[in-house]
Structure formats: C-alpha cells, structure tokens
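The two complexes that follow have chain A in common; it is paired with chain B in the first and with chain C in the second.
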Partner chain A sequence: MNMSLLRVIRRLQSSFVAPQRPTLISTDAEKPNVEGREDANLFSLEYIPPQVQPEWHRNKLKYRLERMDCLRRRQAIDIPEFYPGSILAVTVADNYAPGKSMRFAGRCLYKDGFGLGCKFVLRNVIDNEGVEKMYHLFAPYIQKVELLRLEKWIDTDLRFLRDAADQSICEIDPNMQAESPLPKTEELPVYKGKIRLREIAMWEFLYHKQWPRPYNAYLEEHFIEEELIEREKIHWQTQSHLKYDICKHYDVTKIKAEIMDEMKDNRHRVDVADKKITADA
Partner chain B sequence: MPRGMPHGNSFRKFGGPDKRLHLLKTLVNALIKHERLETTFAKAYETQKYVERLIDITKYGKSNLYCNDMVNFWVPEEAQQNKLFNVLLPRYSEHSRKYTRLAVLTEWTDKDMKSHGKMAVIELKGNPLPPLPVKEGNPHTLQNVLLAAAKQDWDYQRSNVKEN
Partner chain C sequence: MEILLRNFCLFSSASVHPRSLRLQRFAFSTTQCSWLPDRMRYDNQTFYDNVQIGYKRGHSNIRNRDRDIKKLQTRALQKLTRVRIVDNGPTALQPVIRSARIIEIYTKTKRHVGGVGDLCLITKNGAMKRAFIVGQRQSMGILKARMDSNNVIILDKDGNPEGTRITVPIPAWLRGYDPKKKHPISMSKLVAIASSFV
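What follows is the complex of A and B.
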C-alpha cells in the first residue's frame, strides 16, 4: 500500500479533538466586598456618629447632612481606603510653598472623629527628627491622597511609635513607589508583630497604664509579669461595672445597616443633581 | 456651676457604680417576675431604660455570645430566664420601641417628698393584670377623633392582610 495513503487514513482514524478556545471572563466583579472593607461611598467608619445619651440629644439631621457632605467631597477627590499603620502621601495647597503645593509622606498613627471632623495623623522621620502632621480628611485644601502601602495593625492608636527604639519604622522615603493594595474582595492580613520601645524614662506616655493595652508594643520587655497583672487589677477595680452596663454599650450593627441604606439614597441624589442620570432611573 | 453637676451623663448615680448595678438588677428581676412595680420615680425611670435594652438584646437570640453573657448577669434565675425568652420575646416580637409604661402616682405628702421623692408605677405592656386607672384624654377633641379613625383604618388594613 502506498505510504501517503496510510498516513491519510491514520489521520482520519485518530481520536484527537481540537480543544475549544477558552472564554476569558473575569469573575472578580461578581464577588461582593469583604465585610469591613465596603465601598467607602456606602460605608466608612467616620459615618458612625458618636454615642450621645439621652437619645433625644442626638442631632440626627446634622449627622445626615454631614454624611452627605462627606459623599460630595468623595466625588471631588479620590480618597483611598486606609487604616492606622498604612503609609500615605498627602498633597495640600500651600500659598508659600514652591509650586503652591506641598507633599508629605508618612505612616498613619490614628484616625479619629465623625464626618467632616474626621482627622488623621501622619508621622515621618526626616534627618533623625520626628515630624507629625495632622490633616482633616475632608478638608478642601487637600489636593491628593495617595496610598503607598496598605497595612492594618491590631491597634488603632499607634502613638507608641513615637517612643520606638528603632525609629526606622516611621522613616519613609517621600519618593517611595506606591504598592498596589489587595482587592476589596479579599480579606486584609492584620499585622501582629511587636515593636520594641526605648527605655521608660524617655517615654512620652506610660503606655502600660492605658486600657486596652497596646498589643503591637513590646511592653513585656520593660515590666515583670506581676506588675502588668497588678495594673490590670487596678483597672478592673474601677471599670468592671462597664462590662455589664448595657445602656452604656454602643451597638453599631443596626446603625451600620441604616447608614448603608441612607448612603445609597444619597448616592442617587448626588447623581441626579450632577445630571449623570435622570430622576426616574 | 455646682461641683456635683453631671455633664452629659444622663444616668442616676444611686450610690456608686456597683451599688447602682445591684439595685437595678433586683428591680429588673422583680419587674420580669411580677410585670408591675411601685417604686420611686427615679428608680422606675432607670429600670425602664435597662429593661427595654435587655429585651432588645434578647432579640439577638440565645445562641449569641453577647446576649448570653448579659442575660446570665441580669437575670440569673432560670425561671425568669425562661419567662424572658418564652413569654416576653414572642409578646414583643412586633413591638419596635417601648415595651414598658411608666405612670407617676399623684398622691404624695411633703413627708414623702423629703424621704424618697414622688412615687411611680412601672409595668410591662400587654400584661395579664387588671389595667391601671389611668385618666384618659377627652375622646371628642378633633385630634383624638382623627387618631381614632386612623387607628381603625390601620387595624382594618392589617386584618385584611392577614386574611389574604
């Protein structure tokens, strides 16, 4: 038999099936955001009003208006999601600076306050000199907020970093390249490391006395165990009743759901006012 | 401003935090047991807040850790706990805000005022006891006529919904 004819027959008999072209559709958009990392337009920690008692002393209209103003400001500039511990660079308008704007990079120490009063502090060490700057998050003089590295620590108040033995934690290069943050569909890893502090005589504040005690500070180095236990006892002698005083607890779960509904409506109103959509849609 | 003036603190002291919680605990337990109490106005006013918050917390369910802790502290007796979960919870499942009613007693003397202040009655709503002789408002005023009509409408609509 002819060889070429054999080849043709073999090819016809083979069980090979050409694979289908894969369909590349990303499924990221379908995943919902992780709880605690919601869209900042819908929910952010600064939208929760302070606990005021009695209940009729709360000025709910003021809270609503302030949240609306926050949303309008968020439409104007892009404010990234950040926590105490992450590294930011903020550009603000300054009449007396060259180029009429000034950029400052640093690690966020704490974030505090409700609504338009929300403020955060950045700390950087420049030429072995600690520099701290406080900014209001929704202030009109802020031109740009860049997120250089997204980090989340166990503590929400990192002011003990002022007394760190190794100051290089807060030493941030202003020309640092921004790292891409994790997508909001994934949960953020929480930093659980311990930072060594310098000797007690140099401390600005006795951190072992505050409650809850800072987790990320390595306090065990400076005290024997019994001293810390004694401190804890003193705290509970005066504050133990707060554990069961149910009227003084602040339950946020209900408020959070209400705020998210409200902000959805607000978003719609803002879009209608800006004529992005018609009122009926 | 006097030295003992409380600023932004809407709670009565009752002789310190520990004593205060102990007193409130007994009052809350008694109210859950008997459904109606006659005490001074100050104590009744404080218990009202705590009982309402406690019923709010029980709505989280027995499996909730926070709910479990708080109920075990405030209502340690098992009989009262069962009443709280099996009787009061279904009764107030549709109520949203006020579970209690507070009425001030009108008759008091100067001697009473010096010793303990005015007296009041606090009761859980929907209790099986005979109703209090609370003075009703005039039903023939315009507002009350309109309110009664609105209530009638509301009841009629709800009964229709249930039938469907």
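What follows is the complex of A and C.
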C-alpha cells in the first residue's frame, strides 16, 4: 500500500508542471455587445425608418442619406445611448445666457422620431414647478449631452409622471454627479416599479383608457379590477382587430440587420462624400 | 352606466357624444394635447418584441419638420382661463374668493388666444389688472420650456411689475424678446426680478 502510494507520488512529482503565468490582456474586447445595446455608429433606435403608407412613399435613398448625416453628427459630438426614464443633462448654445450656454437636467419622458428629427423631452421640477423641455437629438446648437443615470423602463411614454403623486421622481439636482453606466456587454435591467398617481380629477390624460396601458403606473389604486376588465373588453370589441392586420405589422429584425450592414460602410461613404465636397468647393 | 351607453353608441349612429359623458363624470375637464406623440406615431414597446404596430405617419422628415413646428398651436390661453399669479405683489398675496381669470388678450389681430409673451387683462376679486404671461401649460415647441401651470406677472400702467421677486422659473427666451405691443412693457425689469431661467 505504501509502495503504490509512493509510486503515485513519484509519478505525480515527475509530471508536475508549473502553472502558466497569468496573461494581463483583458478579454473585454472579445465580448460582443448585448443584442439590444449596439454601438451607436452601427445601430440605434432612431435609425429605423417609419412605416409610411402607401409603400411607394418610402424612399430608401432618403433614409440612407439621413443616416449618413446622423453619423456625421455623431463624429462631432458624443451622444450617449439612453432610454426613456434615464436622467440627462443637455448644454445648449444661447445668445442671451451668461457664458453663452444653458444647461438643463431632467428625466427623459419620451424619445420619438426618425433620423435627424429625433426629439426627446426632459422633465424637471424646479421650485415646485414642473418644467419640460424638448430637444432635437442631432441639433447643431447642442454642445454637450451628459448621461447622469442610465435607466430603462418598460414604458417608452412616461407622460404619466406629470400626474405622479410624489413629484420627487422628476426632481433632479442640476449639480448631480454622473453615475457610470453599465458597459454595453451586459444587459440593462429594466425598471418594473409602479408609480402612484394623484386623484383622477387632476389627471391630464385618461390612462385607463389609453391602450396599451402604462405598466409603470399604479392604476389599481383608483380603479377596481372589474372596471379595468371592462375597459379591456371595450378595446377588444373596437380595436383589437388591428393587431392582426398584417399590413400594419412592422418587422424590425430584418430592417435592423440591413441597417447594421449599411452602417458598416457608411463611414467610408461619408469620408468619400466629404472629400468630394471640399474638393469641389 | 357609461359603458352601456357607449355600447349603445357603437350600434346606433345617433345621439350621445362620448366626450360629454367623460365631462359629466369628472369635475375638471381634461386637456387633450393632440400634437404630442400619440398612438398613431408612437408605440409602447411592451406590446410585441421587434414588432411595431400601428401606421406611423412619415412625420419627422427633414422637409416636414419645420412645417410641423410652425403649424403647432402654441397659444392656448383665452378668456376665462384660470391663471396662477407668480410674483409677490399685493394682488398675489391677497386671499382669493374666485380664482384669477383672464378677460382680454391684447394682440394685433383679433386672435382671442394668447401665449407666453402676450399681455392680458385679469380679474381677481372683482379688480382688473394688466398681466404678462410668463408660463404656459401648452407646449410651445422645441427649446421652449413648458410649465405645469399657466403663470402670470401683474404689471401696472407703465409696464413695471408690481412685485419684487419671482419664485418660479421663467423661460429663457424672454431675455431676447421684444414685445411690440401698444401698451408699454419693461422687459428689463422683469428679467431683473426673475430668480431662475429655464
């Protein structure tokens, strides 16, 4: 017994191999970006063209040129990725302001539009007064767009925050420190909290009638389950057939792949076009 | 009751307008901002993954963008709109029997509708005063702040503000605004009083 053990030990000792030195090369570059969060130069939600009807009104050349212009703007300024619900601060050039620039921080309520017409709205509560400002994302008078906090909510239309009972959701300190967002290799956690609204008489919109209903709003406080179910029934009777209308379906996965292929070559196209313009001028 | 009436409406072409039912139910009438992203142009992405439903108008083109902004209805204050007085003058601090309302709006053409930067006449407790509109619930477009209440500053006959301070933020585009009105308005004094610009 002892002899066999000794033989095993000797064999292991002879076959002992020192461990390799750990390599100091980081493997982050090898990890691909998560599917929903691609590099902005390749794909972004505002590059998806609108579903214009009839089909012969869609002009692919127009969409392609607009995407090239978006890329040109992104080369001049760093526009971070953000979703409705995240906190931003925007500095804008203003003639009459001290220092010639105005800074406004707020929570993004919605982001809508295609290409250079992409608009977003920031909401802040200053001195107990709610203030909202709309910006064009690719406007040349914007000097800086800072991401203070990256959040992703289930709803993309957060206008019900105007009727929130607790207005401290949108109360944002303009001197707030930027929190470093998650890297794009990881998936963003989605915020599923429900926000209490104030009394129905003071509502701006009728959220229980809006379809699809906002997930992040706590409507069960004001309505019984039966009322909400009756609203669903009315919607089912009048408008539910729309989701089966194939002409209105807009499959974005194919378009996304096409856009990604196109944007890979767009940098080269933009350089060529700019060279031609400067050469002619 | 409301639901039965609505079902009745669906199958008969007559009578009751659904909006009037809504007003009977609630004390305040709700505003409907029709130009904001609505369901026709906007979708809540919880519905389906990778499928956007609904016909979206080709609205945000380079060509159409300016036209749509110009067509926006930016003025929304008219006669008998309730108004919030925002400075610390004597009229603002008096207790209120009936909320302050607009009586007249002074514009060149007979527009009957006013917005930020317009003069108007206000009643409070039976007294009539001239006022300058400083904040509006209706959105005025891009880069112009939209407040949550219709704000107003009271002026006297020479266009000087009554109060000494304004607590509420004021739109910053009023700094370079020249109101060409018949009645005098001293913008420099208003801008000097204001505490913060947005």
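Note that the second predicted complex is superposed on the first by the 248 of 281 C-alpha atoms of A that agree within 3 Å, B and C clash if a C-alpha of one lies under 4 Å from a C-alpha of the other, contacts with A are read in each partner's own complex, and residues count from 1 in each chain.
To be clear about the criterion, a residue touches a chain if its C-beta (ideal position, glycine included) is under 8 Å from a C-beta of that chain, and two chains touch if they have at least 3 such contacts.
Because the structure is predicted, anything quoted here is derived from the model rather than measured.
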Item to check | Three-chain arrangement built on chain A, chain B and chain C clash or fit | outcome: fit
Checklist entry - If you stack the two complexes on chain A, which partner ends up touching A:Tyr191: first (chain B), second (chain C), both, or neither? => result neither
Checklist entry - Which chain makes contact with more of the residues of chain A, chain B or else chain C? => result C
Next on the checklist: According to the stated criteria, A:Tyr135 is in contact with first (chain B), second (chain C), both, or neither; which is it?
Outcome noted: second
Next on the checklist: Quick check on the superposed pair: does A:Tyr218 touch chain B, chain C, both, or neither? Answer first, second, both or neither.
Outcome noted: neither
Next on the checklist: Looking at A:Gly115, would you say it contacts chain B, chain C, both, or neither? Reply first, second, both or neither.
Outcome noted: second
Next on the checklist: Contacts for A:His241 in the overlay, against chain B (first) and chain C (second): which applies, first, second, both or neither?
Outcome noted: first
Next on the checklist: For the superposed arrangement, tell me the lowest C-alpha distance between chain B and chain C in Å.
Outcome noted: 8
Checklist entry - Can you pull the chain A residues that chain B and chain C both touch? => result 52-53, 57, 248
Item to check | Sites on chain A touched by chain C in the complex | outcome: 48, 50-53, 57, 62, 66, 92, 94-97, 102, 104, 110, 112-119, 126-127, 129-136, 154-157, 159, 162, 200-206, 210-212, 214-215, 230, 234, 237-238, 242-243, 248-253, 256
Item to check | chain A-touching residues of chain C, taken from the complex the two chains share | outcome: 3, 6, 10, 22, 26-28, 30-32, 36-37, 39, 41-47, 50-62, 65, 135, 139, 141-149, 151, 167-169, 172-173, 175-176, 195-198
Checklist entry - Which of the residues in chain A come into contact with chain B in the complex? => result 52-54, 57, 241, 244-248
Next on the checklist: Quick check: in the complex, which residue numbers of chain B touch chain A?
Outcome noted: 8-11, 17-18, 20-21, 49-50, 53-54, 57, 70, 73-74
